[in-house]
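Think of it as A, B, C, D, E and F in the order they're written, each chain with its own count starting at 1.
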C-alpha cells in the first residue's frame, strides 16, 4: 500500500516537473498557461493523493484540498488569459486564427 | 518494499523542488507581466505540494491548514493582477 | 420552492464541509450547522444559482459517469502536454476559436468552462452568453459547428442531464 | 553618483553592526524557562493545546488589546486620508461570466473557512487575526468580480464598534468574576474537555470577537482604497 | 536531511526575488516579486515550526497585500514615475 | 542560522530599496520587504533544534503525573516570538495601507510620485 502510494506521488511530482518545464519552454503566454494549468493540476492531485493514501487519517482534508485546487485553478487561469488578451498581448507568430479579436473589431464598427 | 517507499517519497520531494526552481527561472525571464503571473501561479501550486510534503515529514496534521489557505486564496492574487491588467479593478 | 431547495442544498454542503474540516462530534455539529445556516441565509441571493441542480437518480448516475469521463480527459491532457513539452520541435499549432453551447444555467456553464480548461489542448478565454472563446493548442477545424463537436460535446451531454 | 556611494556605505555600516549578533547566535537545543512555563501553564491551567493562542489571548492579552487599537488607528487614518467620492461613476471593465459565477460559488466557502479558522484558534493554527483576514478576502473577491457590489458602511462601522466594545467587556468580566489582576483572564467559563471546540473558557469567544473586528476593519480599508481619493 | 535543501532553495528564491524587485523597471513586476517573497517566507516559517505565523503570512500575502498596492496604483495612474 | 542571515540580507535589501528609489510606491515595496526580513529574524531566534510546533496534540510526546497534570516531554519551539510576529504581520499590512494612502494623497496634491518633487520639508 505504502509502495503504491509512493509511486503515485512520484508520478505526480513528474507531472509537476513537466508542467514547469512547459512554462519554461512554450513560446507565448497562452501556451504557457495551457502547460501550467493542466499538468500542475494533475500533478498536485496525484502527489496529494499519494500522501493521503500513505496516512489514511489525513485523507478527508486532502480530498478537500484537491477539490479546492480543482475548482480555483481553471478559473484563475481563464481570467488571466482574458486579461492578457484584452491588454493586447499578441499570440505567437505560429498561431493560425484569432476569432476573439475579429469579434471585437466587429463590435467596435457596429 | 516499504523501505523503497520512503526513498521514492524523497525523490518526489526533490523533483518538486526542481519544479519550483524552473518556474522561478520563467519568472526571471518572462517578457511581460502576464508571464510572471503565470510563474507565480505555478510556484504557488508547487508550494502547496511542498507544504503537504513537509507536513508528512513532520507528522503533523495541523500544517495542512496552511495549504488549505493557499488553495483557497492563492487565486485571489492572480485574479487581482489580471483585473488590473485588463482595467477592471 | 426552488429558492428553498437552493438554501437547503447550500446548508447541507457547508455543514458537510465543516465536519470534514474538523472532527465529527456533537458540539462541532451544532456550531457548524449554526454557522452554515447563517452563511447560506446571508448569501442566499448569490447561491440561487444552485437552483438548477437536479436531484433525480438519472442525474446522479450521470454525475458519476461525468467524474470518470473528466478524470480520463484530465489524464489524457496531462500526457498530451508532457509529449508536447518533451518533443524538441514543440509541435503546436495554436489559435483562438469560437464554439457554441446549449446549456442555459450558469452553474452548468461554469462547470463546462472549467472542464474545457482542463481537457487536452484547450483553454477557455472568454464566455459571452452562449458562445465560448477557446484557445486551442492544435487547431483541427475552422467553423463553429465542427469545433463544437470536437471540444464541447464530450461533456455537454452529461452536464445537460445534471444541470439543464 | 556620490549618493549611491553614501547609500552603499550606510548599508555596509548597518550590516557590520548587526553581523556579530547573527554570527555569534547559536540555535539553542532546549527551551528557555519562560517559554517552558508558558507551555506548561497553557496545557495545565487553561487546558489549551495551542500555546501561541494562549500567549496572544491570555498571557499577553493587554498587548493584543493595544495591537487591535493600532489596527483601528491605521484604519481610521486611511479612511480620513482618502475621503469617499460621492458621485460614483464606474469605468471598470465588466468581468467575464466565469469569474462572476465562480466568485458567487466560492465566497460562501471562503467565509465558512474563515469562521472555521477563528473558531478553532485554540486547537489548530490560526485564530482571530487570520480568520478576519480570510473573511475580508472573501468579500474582496466579490468586489473584484461584481461591479455593482458595495460594502454597507453602516454595517461595517456597527460591527467594528460593537465587537471592540464586547472585547473590552469580556476582559472586564474576568476582572469582575475572578477578582483583581485578572483582566482578560478567560477562566470564568468552564475549562471543558481536552481538544473539544467548546473548551478553554472564554478564549473561543474572545478570539471570534477579535476576528470579526479585524475582518471589518480590513473591509473598511479596502473600501476606502477602492473609491475615494479624488476629493481633497 | 531533505529539509535543508528546501530551506536553501527557498532562501535563494526569496533573495533573488528581493534583488529583482529592487532592480526591475516596472512597478507591477516588483509587486509580483514581493508576492514570491511572501510565499517563500511562509514556507520558511513552516520549516521553522511556526504554523501560526505561516498561516498569517499566507492569508495576508496571498491576496490582500497585492490588492492594496494595486488599488493605490490605480489611483496614481500606473505608478510609473521614476 | 541560515534563516537569520537570510532575514538580515532581506532587511538590508529593503533598506537599500528605500534609500535608492525615487518612486514612492517602490519605496513602500522596499518597506514591505524590510518588514518580511524582520519577521524572519524574530521567528528564527525562537527556533529550537529538532523541535516541533507548539501545538500539543497526539503528535507531541506528553505524560500524565499523579495529580492529573500534563507534562510536555516532546521538544517544542519558543511560542513567544511566534505570538509577537503574528500580530506584527497584520499591523504591517495596515501600516502599508496607511503609507499607500499618503502616497495617493500626495499624488493628488502634487501630481507626481517622484520623491524629489516634494521640497517643502527639505532643509
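One rule holds in what follows: a contact is a pair of C-beta atoms (placed from the backbone, for glycine too) under 8 Å apart; a residue touches a chain by one contact, two chains touch by 3 or more.
The shown structure was predicted, so the numbers you read here are calculated from the model rather than taken from an experiment.
**Student:** According to the touch definition, list the chains common to the neighbour sets of subunit B and subunit E.
**Tutor:** Chains touching both subunit B and subunit E: D, F.
**Student:** If I average the CA coordinates per chain, which chain comes out farthest from subunit C?
**Tutor:** F
**Student:** Between subunit A and subunit C, what is the gap in Å from one C-alpha centre to the other?
**Tutor:** Chain centroid spacing, subunit A to subunit C, equals 15 Å.
**Student:** Could you put a whole-Å number on the gap between the CA centroids of subunit D and subunit E?
**Tutor:** 19
**Student:** Starting from the mean Cα coordinates of subunit B and subunit C, work out the distance between those two points in Å.
**Tutor:** Taking the average C-alpha coordinate of subunit B and of subunit C, the gap between them is 23 Å.
**Student:** Scan subunit F for residues touching two or more other chains and write them down.
**Tutor:** 16, 20, 47, 51-55, 57, 76-77, 82-83, 86, 90, 93, 97, 100-101, 104
**Student:** Which subunit C residues sit where two or more other chains touch them?
**Tutor:** In subunit C, 17, 21, 113-114, 124, 126 touch at least two other chains.
**Student:** Two or more other chains in contact with one residue: find those residues in subunit A.
**Tutor:** Residue numbers touching two or more other chains: 19, 21, 33, 41, 43, 61, 64, 68, 71-72, 75, 77-79, 82, 86.
**Student:** Indicate which of the five shapes (line, ring, star, complete, other) describes how the chains touch one another.
**Tutor:** If you draw each chain as a dot and join those that touch, the picture is no line, ring, star or complete graph.
**Student:** What's the complete list of touching chain pairs for this entry?
**Tutor:** Inter-chain contacts occur between A-B, A-C, A-D, B-D, B-E, B-F, C-D, D-E, D-F, E-F.
**Student:** Of all residues in subunit B, which touch subunit E in the complex?
**Tutor:** 10, 13-14, 17, 20-21, 24, 27-28, 33, 36-37, 40, 43-44, 47, 50-51, 54, 57-58, 60, 62-63, 65-66, 69-70, 73-74, 76-77, 80-81, 84, 89
**Student:** If we count contacts the way the header does, which residues on subunit D are in touch with subunit F in the complex?
**Tutor:** 4, 7, 10-11, 14-15, 18-19, 22, 25-32, 34-35, 38-40, 42-44, 49-52, 54-56, 60, 63-64, 67, 70-71, 74-75, 77-78, 81-82, 123-125, 127, 129, 133, 195, 214, 217-218, 221, 224-225, 229-230, 232
**Student:** For subunit B, which residues are in contact with subunit F within the complex?
**Tutor:** Per the stated touch rule, the residues are 58-63.
**Student:** Touching residues of subunit D toward subunit E in the complex: what are they?
**Tutor:** 50, 52-53, 117, 125-127, 129-130, 133-134, 136-137, 140, 144, 218, 221-222, 225-226, 229
**Student:** Given the complex with subunit D, which residues does subunit C contribute to the contact?
**Tutor:** 10, 14, 17-18, 21-22, 25, 27-28, 31, 35-36, 39-40, 43, 46-47, 49, 106-107, 109-110, 113-114, 124, 126-128
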